[in-house]
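Chain IDs A, B, C and D follow the sequence of writing; residue 1 opens each chain.
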Amino acid sequence: MKLSCNISVKHLTRVEGHGNINIRIKDGKLEEASWEVVETPRFFEAMLVGKKWDNAPYISGRICGICSIGHTLASIRAVENVFGMVPTRQTNTLRLLLKHMETLQSHVLHLYFLAAPDFVSLGSVLPLITSHPEVVQRAVRLKLLANDACDIIGGRRLHPTRTVVGGFTMLPEKEQLEKLKQRLLASVEDLKQTAALFTTFAIPDFVRETEFVSLKGTDSYPFIGGNLLSTDGLDLPEHEYKKMTNEYCVEISTSKWCRVSRQSMAVGALARINNNHHLLAPLARQVADQFGLKPVCHNPYMNNIAQLVECVQVVEDSLALIDELLGAAMLEPRQPVAVKAGIGVAAVEVPRGILYHCYDFDEEGRIRKADCVIPTTQNNANIHYDLNALARQCAGEGKTDREIELLASMLVRAYDPCISCSVH
Amino acid sequence: MPANLTYLGVELARPRVAFFELSSCEGCQLQLLNNEATLLDFLSLVEVVRFREGMTEAGDDYAVAFVEGSVTRADQELQLAEIRKKAKVMVAFGSCACFGGVNQLKNRFSDQEWVKREVYGDFHVDTQLARPISDVVKVDLMIYGCPVKKEEVERIVTDLLLGKAINHPKYPVCMECKANENICLFDLGEPCLGPVTRAGCDAWCPSNRMGCWGCRGPADAANIPQMARIMAEHGFSTETLLDRLECFGGFAAHVEEIRKKG
Amino acid sequence: MVEKIAFVDVLKDKAVDDLLHDLSRFEYTYKAEITNVYPLTQTERLYQIQIKDPDERNRFIFRPGQFVMLELPGIGESPFSISSSPLRRGDIELCIRGVGNLTNFLARLERGAEVGISGPFGTSFPVETMQGQNIMLIAGGLGLVPLRAPILHVLEHRSRYGEVDIIYGAKQPSELLFTYQYEMWRKFDISLNIIVDKADESWQGPVGLITETLKERIVVRNAETLASNTFAIVCGPPVMFKYVCKMLTEAGLPMQKMFVSLERRMHCGRGKCCRCNIGSTYTCLEGPVFDYWTVMNLKEAI
Amino acid sequence: MIFKVFAKDELTRLFEVLSVNRVVGPVQKGLDRKNRPIYSFEVVDNFDDLRLDYPSTLYPAKRYFLPFEETLSSFTLESGSWEKHVDYNVYQPQVMFGMHACDINALNKLDKVLINSVHPTPYYASKRRNMFIIGIECMPQPHCFCRSMGADTVQHGFDMFLTDLGDRYFAEILSSTAYNYLLKIKTMEASETDHQEYRQVVREKSSKFTTHVDTTDLTKILDMEFQADVWKQWGDKCLSCGTCANVCPTCYCYGVQETVDMNLQAATKTKQLYSCNLIDFAEVAGGHNFRPEAHIRLKYRYYHKHRGFVEAFEESLCVGCGRCGESCLANINVPEVIASVRYEE
């Protein structure tokens, strides 16, 4: 039994943005366990007001440096939904491929550079460069592949330059896609090695029941658009996203919090798999099985594994998408735009969970109101309550301060939070 | 890793570098991790003592501070002053730090209370106008771009190590756009700020058929009145011109002038 | 059967012994060694540089007024006037002021460091034509550097020249170059007149603008010899040589007998990059040494 | 000169024969906002991709002989010592299939500075000497003033020049290589009818010029008008963006940059085509700029092309292709600038 401890991690490292962990236990009683978000807000929803529709994807992509592609695509989809535009099959395929590659690069970044050091008791990946060069090289190879792919399809790996309302400004060349395919095929081995590496890591044993929200796949593992599904039984159309988020403000956080059926909710890779396990591609499912990842899994640390499974999932799916692109003649990259007034919502699964953009346009296509709900925003309350439960469990088990601090940090990192994005 | 490096027989001290972020998307720092192919070479050139996005250890003994993001809260001013005290070279890293970046778009509303209410309702949040870091402390070097271009960052860091002066191109993006033999976007019916924006990005956007939005700020001889004429001649409204000019804050003075003229 | 078009190796048809038209010379640099470095002032250093290969060294002939391109891999390549006697061939001296990338990095190099040298390039002072006549060598600031080669030439062939005046102006005494050689120059029967803009405690000589000293020397040398029997070489910042040349012209010295050395930005030194063009004259090919009449006819030269 | 004619289909044969080499020719690169095609010189594998009736290309074929960026030399370094490696970056002959007279004239002008002068540059010479050029007769576009610059016909600097006579080509043969290649296809001696038709085409071309530049006494007039106010007016419009130089088939000015690899084991010396309109073109160490203002730089460009080069080589450095005026977003173009300096309307 642990009697007292006082942990304060000011600006948790190896996460995107600024957040603090506070845990205070006194006389064996938990006094405080909190997830404090101190990021400065940038007010994207206000700055978009009055801007013309073509500014929306360009500006709102800057909400996040890690998932700028996801934001851009969500924004574009919201605009297209207002204008009643239906993207061509080619555009949809390319967008999904682009998104997959962002997911891959983001997950690899998280798994190797941000999460892995904890499992080998290091502060960063740097020492591994000399001690385990093959591991670092593998990570770099996977990330490079994904980023190169983003360059080819989106024009730029960060804040893409080819993605516009109506489609793309330019298309990749077939030879580029052919080369990408070869590299993706070769990456399967790297992913298997990655899985092997993660089997050597001890995933902390911690469970707290919560509600998982994600897109609902119909015939394939979902990433762009469709219904919203929760493990507590809600099934809503895309445009009713507010019922799935219910943002509210809390004192300890400049990021808002969300909840649906309970105290808190979770989104992300684990939520996606919990809701769509049956839609995983064969190899991805095999990896899930390897780690015993089955719905509904309530161990937040397993989000790391869920990300790993998704890496395999997106590579498998990308190969199919490329085959489809290679099999058809390239058509016009871009559709013309006809401006309309109205409200449009887009739900897109970005690496850290479901992302919503919603715009209200006037007749000239100027934004009257903008709303963006970020995955980490939806996770913040869950992180907070997880920390509470974890602290209680640790106190009960009599863990040392260092152990508690590490477990707490790892817990938050497992969500791969994107804090500046959640504050936007 | 070698403590000291040499070039042409001259000993070069590996600079100790630290990274900090204010209000930003952290994309510019991410660009460093996006250096995959050359990441290891990069790490042998410098000694990273602080990089919150990637490492837990945090040193306070650094010579070069890369600061990303713009200033939007009082505590950041204090933080900047602290960093300035320690750093020999203060680098404004990315357009947010150089000009305020997209963050300064909120400054265009005269009623900043409305801005807060629009996002947070009645809930209290602490915030000020978004400013470039040079408004608060002396900056020694600007690295432009939203995001910064990794090749450029690498060259700059190598040059810093060698003691070379860092010279940004003084000419506009059009120069690089032509060197890429692109079809001018105006010929394709798209607006572009290439004629007035500082080059150095290798015409990143126009080469992908996206008009330039001016993320690197004005070129040395930016001819804004002529730019306005060109936009008008090609059928683009002043609103479109202003949307782009004001997007990253680099053209703030010009925007103000155009607005004043009405 | 179809044959491919035959590949032409352009280097094959190089002219024998024609360095100026040999294609393979274009990007060729002599490997040279910094054999010695002397700090002359706060900002200027004198570098003794020797071409390493003895044959190449021997074949390196230059004329006073010409320049070389000095290269440091990865750092830069820039033009510098050769400041030593032409008799020393590929064993040259450059006096270099630290102002930018190359020149500042150079200052960090030590004896024994390797540099690349190409050249010599450009026109020179017509020291042969000047034989039998009086010479006025007028320098402002760093302008003494290109003047040192003709000075040394004149010293080495002292009997072939008439009266020799050196008129040298600097901002302050601490900026004077080659001070250790003044005594020697004077011993060769040369009238050395130095003037500074601003004196310090150590300074005994005259204070003021170079034109004041020049005025005195013009009186000494008299109008008649100036008109018929004198050449002048003027080096220094544009404002300086503009006034000096005007004064000399008014004193009767023909413009074709006055020579100046112009400085422009240069990236190749070989008449290709156009960076040094004045109007459309290549400073690196048709200059850096020009007679004043030509300069007068160049738009935007001064 | 030897003249021959051959049926149009034979050109496909000739292309096939030549295509064992790298072939570069005009192809359509896209459409502009008014749906007009845009042409460009690209490597062509397929004869059908060639558009020999192209009016003009957006960019000249410059990148094949004066690339925008070229490595001049590279260095390997080892503890204080270094080795320099030079490569002229040409490995194979190139066939330029379908260049207009103006662009071949541009090459001839470049030859004068870059090959037939002191310090000839091997980077250009090696590419130029390894070119097999097939010229093709064209019809003037509204922006063409090559006739005024004496560049509407070309006497040398190519291997073979074709004129379209409807169902056949009229070929001037200048090199023995061209002669030998023509042996591989079916050709006929040019008859009097062919000559007649050829003259007809030439007459038609002559009649179609709509843009003219008066070059009479131009060197002197430029000299006289060095201080003229018109320069200031053009300078106000100029964006100092270098576009005119970049699309010019004869602009060759450049800058050199030296970079060190991040591993400090290697360095590179690169040349980039520059433009005299860029603000720092004439800036020297310490920051002094010999041409600090846009109008002074613009004026310099005209002086170099239309006065200096004429003094040095007795011809202008402008071939009248009109690309600079077409590409300039500020609508600065040679005919209007020269006319304004001459105080013509």
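Here, a residue touches a chain if its C-beta (ideal position, glycine included) is under 8 Å from a C-beta of that chain, and two chains touch if they have at least 3 such contacts.
Given the structure is predicted, the values throughout are model-derived calculations rather than measurements.
K.L.:
Of all chains present, which has the mean Cα position farthest from that of subunit A?
P.N.:
Here the answer is chain C, farthest from subunit A.
K.L.:
Relative to the centroid of every protein C-alpha atom displayed, which chain's own C-alpha centroid is closest?
P.N.:
B
K.L.:
Look at the interfaces B-D and C-D and say which one is made up of more C-beta pairs in contact.
P.N.:
Between the chain pairs B-D and C-D, C-D carries more contacts.
K.L.:
At what distance in angstrom does the C-alpha mean of subunit D lie from that of subunit C?
P.N.:
37
K.L.:
Based only on mean CA positions, could you tell me how far subunit A sits from subunit C in angstrom?
P.N.:
Result: the chain centres lie 66 Å from each other.
K.L.:
Between subunit A and subunit D, what is the gap in Å from one C-alpha centre to the other?
P.N.:
52
K.L.:
On subunit D, where are the residues touching two or more other chains?
P.N.:
77, 80, 82, 259-261
K.L.:
Which parts of subunit B, given as residue numbers and ranges, touch two or more other chains?
P.N.:
Residue numbers touching two or more other chains: 7-9, 162.
K.L.:
Sort out which chains touch which and give me every pair.
P.N.:
The set of touching chain pairs is A-B, B-C, B-D, C-D.
K.L.:
Flag every residue of subunit C that touches subunit D in the complex, lowest number first.
P.N.:
Spelled out, the residues of subunit C in touch with subunit D are 2-8, 10-11, 20-21, 23-29, 72-77, 99-100, 103, 112-114, 116, 263-265, 267-268, 270-275, 277, 279-281, 285, 299-300.
K.L.:
Residues of subunit D touching subunit C in their complex?
P.N.:
Going through subunit D, the ones touching subunit C are 17, 20-21, 72-73, 75, 77, 80-82, 84, 86, 88, 92-93, 95, 113-114, 117-123, 125-126, 129-130, 132, 177, 184, 223, 226, 252-256, 258-261, 267-269, 271, 274, 276, 281-286, 290-291, 296, 300, 303-304, 307-309, 311-312.
K.L.:
Spell out the part of subunit D that touches subunit B in their complex, as residue ranges.
P.N.:
Residues of subunit D touching subunit B: 29-30, 32-33, 38, 40, 58-59, 63, 68-69, 77, 79-80, 82, 236-243, 246-247, 259-264, 272-273, 275, 278-280, 294, 327, 329-330.
K.L.:
For subunit A, which residues are in contact with subunit B within the complex?
P.N.:
So the residues of subunit A touching subunit B come out as 11, 13-18, 40-47, 49, 51-52, 54-55, 58-59, 62-66, 68, 109, 113-114, 117, 123-126, 129-130, 136, 140-141, 143-144, 147, 155-159, 161-162, 164, 169-170, 249, 254, 420-421.
K.L.:
In the complex formed with subunit B, which residues of subunit C make contact?
P.N.:
72-75, 100-101, 104-105, 108-110, 112-114
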